[in-house]
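See below for the structure under consideration.
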Amino acid sequence: MESDKKGVEAHDEMLFIVIHQAYELWFKQVLYELDSITDLLSKPEINDNDQTLQVVVHRSRRIIEILRLLVDQINVMETMSSLDFLDFRDLLRPASGFQSIQWKELEAKLGLNYENRHGKQYYVSQLRPEDVDHVKGVEKKTNLLDLLNVWLERMPYFEDPNAWPEGANVKPQDHPFWAEYRKKYTSGLLDIEQANIDLFDKTLFGKDEDDKRRLSAKACRSALFIYLYKGYPLLHLPYELMVSMLEIDELMATWRTRHMNMVFRMIGARVGTGNSSGRGYLKAALDKHYIFNELAGLNGLLMPRRDLPVLPTELEKALGFRG
Amino acid sequence: MESDKKGVEAHDEMLFIVIHQAYELWFKQVLYELDSITDLLSKPEINDNDQTLQVVVHRSRRIIEILRLLVDQINVMETMSSLDFLDFRDLLRPASGFQSIQWKELEAKLGLNYENRHGKQYYVSQLRPEDVDHVKGVEKKTNLLDLLNVWLERMPYFEDPNAWPEGANVKPQDHPFWAEYRKKYTSGLLDIEQANIDLFDKTLFGKDEDDKRRLSAKACRSALFIYLYKGYPLLHLPYELMVSMLEIDELMATWRTRHMNMVFRMIGARVGTGNSSGRGYLKAALDKHYIFNELAGLNGLLMPRRDLPVLPTELEKALGFRG
Amino acid sequence: MESDKKGVEAHDEMLFIVIHQAYELWFKQVLYELDSITDLLSKPEINDNDQTLQVVVHRSRRIIEILRLLVDQINVMETMSSLDFLDFRDLLRPASGFQSIQWKELEAKLGLNYENRHGKQYYVSQLRPEDVDHVKGVEKKTNLLDLLNVWLERMPYFEDPNAWPEGANVKPQDHPFWAEYRKKYTSGLLDIEQANIDLFDKTLFGKDEDDKRRLSAKACRSALFIYLYKGYPLLHLPYELMVSMLEIDELMATWRTRHMNMVFRMIGARVGTGNSSGRGYLKAALDKHYIFNELAGLNGLLMPRRDLPVLPTELEKALGFRG
Amino acid sequence: MESDKKGVEAHDEMLFIVIHQAYELWFKQVLYELDSITDLLSKPEINDNDQTLQVVVHRSRRIIEILRLLVDQINVMETMSSLDFLDFRDLLRPASGFQSIQWKELEAKLGLNYENRHGKQYYVSQLRPEDVDHVKGVEKKTNLLDLLNVWLERMPYFEDPNAWPEGANVKPQDHPFWAEYRKKYTSGLLDIEQANIDLFDKTLFGKDEDDKRRLSAKACRSALFIYLYKGYPLLHLPYELMVSMLEIDELMATWRTRHMNMVFRMIGARVGTGNSSGRGYLKAALDKHYIFNELAGLNGLLMPRRDLPVLPTELEKALGFRG
């Protein structure tokens, strides 16, 4: 410990070290699981009859359990008072607070890229150059969000000419399913909710170049379909996978919130480098670093189960067990 | 259940009802404990030798345990999918989501007042007039934050003429303790941290009229002193009390974050009344509704224990047991 | 509150009341979910292509989340000290501690019956006669454990004459699958593990009349098969269902442990009615009231995945999607 | 990983390794805190006016938070199915399950000694000889339970000749406080509770040689006094310390319960070495390894606050602040 080297009495430095080791240990495990998920989803085609999706969902849930633990770990950190921290804080300079490269790697592998990071310059300035390079290298590789987009785009639900004889070669908004769905959706909106029609069209039929969305309109149509018809056996695991992503996003947001508040309690309103406050930076990152919010946002385009279009028999069969 | 009345199949309405009843039940208990705390702290003087502060801290910790439970309760709520919610959502109109009057009452009794509430108009528009009146009525009564301020201002540490023969009648910044403390504090700042001197002066010696701070400079001096010298027996419980307030604030922030994310997952990016999104409103409230942040902010004005001014023997004695 | 009626000061009676109300509220929800599960599983046949099992597993997981909350709720209870409890304990007589009829109803609906209850006489003596009758009435109805047994017995895996031309009409131990499995299993045992052969034969081929087991040998064969081949799509949800039952059992055991320890901390070694101690009774019930332990016990009969018999193609097909 | 070395596919071995590393990391921290507590309490006298007890209680609470985390860590372990475990279980032989020397060291340092360990022979047979020696070495040193006994015996409450002019030189049961207390206590017992008088006399006045109790009668009198009069400032921290010990005991029991159930789910009813089942051993250890149960048991000897003997003014003063 630094405090031992310097002959300074600082009992709590040990906790500080151990808790960070525990975080790094668990981040290693999370990355191990995430890498295996990415590998599995990178296959050009996923065979519904092998275990791929089962394994992907199972490992996603394990990541969720680990993240729950990491949120609770803050309770242990909070047994260190501000004054206890001051006993050894100066010995840690210039390293500041919590700068885990594995955490940033996790964000990058899930799909956060440099452009979307808050305070790009500041972010870079706090890390060692080789670490910045490492994370940027990771950002260039396949991430889970992009893989999800590809996987969703590949879904064949609307292209079977037996199920949809009129749907094969028309624009998405003219496809019999989406034409009916849009009609029912819009008729269910109250006057004050009319603005959602725009949201609907942009999300499901919008041109991808238009905006900075990470999920294409085609992928969004598949995802919405999965939300709606998750009751069919073949859609059960895809649904569970999407929900797991939302939980991972939420848990990371909860972690960031608790971390931000812990830091504020620890160092207070103290102004740091460049007149920035630690809290302000953390808050902005918290607001901006959601990765799967487009997936969550689709829930605004659902309609009640009882109003759902009935699927063609051919499609229903394709979504079920051999029986 | 509404769904039974209307003959609609909506299995999950029961969960929705039960979880809200559970929240209200626990809010009732939290308010019961908070009222008892407020009563105890409202006494014109608190006798250190009776149990008042012990009881206050104990009940604050109970509130903390209950709030932890209420945060976890969101896990149960999240077992309800968006589609399950849509089965009965329309039956609930015009009531929207989570509008607990007891929660707002809790905020008000802790110290949040109408002026500091986010989106005052919108906030009012979502509630029944009698409920708005009720909460406004509560806001007019004594709240915990104001009581803390009074209680802190009453602390006699710097006024004992035996301990501080030169300190009795000077301006705070000339008091021997604070003069020494300020000198040491400023000399411990790095170049890039010089802006903290301003923060120091404003917080500890600032004119109260200047800003919207809720804690007076005098109260802040007492609070900082308690943080610094919590090792003395007499300051132990006051310290625990302040820390409990910070934990309550943090848990409420964690609850708001998780609630916001749950709502977003439930209704997505759907636009609601007045083109406002539910998420935007909740996020702004989350950022703004910290109640004890001035207390947390003081942690930026600490200095390492080993540099602390030594207290006069007379004061040390007054802070200890009869022995 | 009783303390108000009697003019006794007992601040914590409110907590005692509220926490019990919270338990009863959540028990109501758990029973509601459990009843719906029982209804779904009571159907003479479960169609794999409708949502039955999805819904059953989903609601089982909800019960799990609620039970997790109920375990954590003990943290709140434990903020009441023994002395705080004594302020009003005598006012509660003759009611003793925690005697929730809904909890006993839950146990009965899961599958615990009177014969297996610890301390039958004592148990009955603590309840009102009408409550005993109520629980006994519940015990006579279908419970989840028995439904699981029926559902497992109905599994058709080993009876398809196309898949198993030699297996249709032989005794289970001569069925090609089980003959091969038994051979591999026994050859994998170390010398000191030979006693497991007996366990194997008794569990999987044993006569049901022989013992007090609740799952028949036939049901155990299906359950073991599901554990082993859960990777096939059709077995995924049955596996999840069985695992959910184990988690429910574990959570109830965790609750009982924590409750027992809480009671011991509250009333200490005090001897109660009939010289019995509260702790002794609770401990014995804890040891005895596992409901799905036969399902958990089957895990001792697994073999490593890499040694598993390969399934006939016909059966593999039947366990998959139409594709 | 062993599976890599042997060329066996076993994805989950990593989790198994990481989770055990995380446990060892946290055990290291718990032992670090516990050692510091033991050091502080080993002082021949504890000055109420320095921070000793504050620090001891604070670090005990940190241990509690860490143990809470370790209980929750089992949730992560339980994402590993029995079949996943079998992929690599044989590679671990002869090491079995969870045999953490640091955990046993923790038990020993808290106060569990070899004589009280369940299944002494079996316990020893599962460990490496040098580890057995290490733990036995630890058992010979001062443990927390014995320190508590010494510390409690040293309490001077009943020996002040000013406060108790008639109490100084009589047998404990004739001391004015205990004579009055015993009289009130026994008169508060119902007919069916008369057996508690025996418990009372044995615990508070019993000869130490008589039984295997770890706390002497003298220490028990002090502990009971602290429970009863915790409202006095000087008794607040001693009370908090005792309660922390009870929570540590409870959390360790909860951990053992959850661990036992996890093991049972993992390896089922499989019979192991010497025909013993893993579950049976774990259950017996769970029942036997409570360390502070004598402290918890004292709660059976309390009486309602309103009936408590009033303390002599001299004593009251000694228990308070200088004021």
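We just call them A, B, C and D in the order they show up, numbering each chain from 1.
The rule we apply is simple: a contact is a pair of C-beta atoms (placed from the backbone, for glycine too) under 8 Å apart; a residue touches a chain by one contact, two chains touch by 3 or more.
None of these values were measured; they are calculated from a predicted model.
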Chains contacting each of subunit A and subunit B, listed by label: C, D
Centroid comparison with subunit A (C-alpha atoms), farthest chain: D
Interchain centroid distance [CA atoms averaged], subunit A/subunit C, Å: 35
Between subunit D and subunit A, distance of the C-alpha-averaged centres to the nearest whole Å: 42
Subunit C and subunit D: spacing of chain centres that average the CA atoms, whole Å: 31
Contacts with 2+ other chains: residues of subunit B: 230
Arrangement of touching chains [line / ring / star / complete / other]: complete
Residues of subunit A touching subunit D in the complex: 11, 14-15, 18, 21-22, 25-26, 28-29, 32, 36, 58, 61-62, 65-66, 68-69, 72-73, 75-76, 79
Complex contacts: residues of subunit B adjacent to subunit D: 48-51, 54, 230-234, 236-237, 317-318, 320-323
Subunit C-facing residues of subunit D, complex: 8-9, 78, 81-83, 86-87, 89-90, 192-193, 195-196, 199, 227-228, 230, 243, 246-247, 249-250, 253-254, 257-258, 261-262, 264-275, 283, 287, 293, 296-306
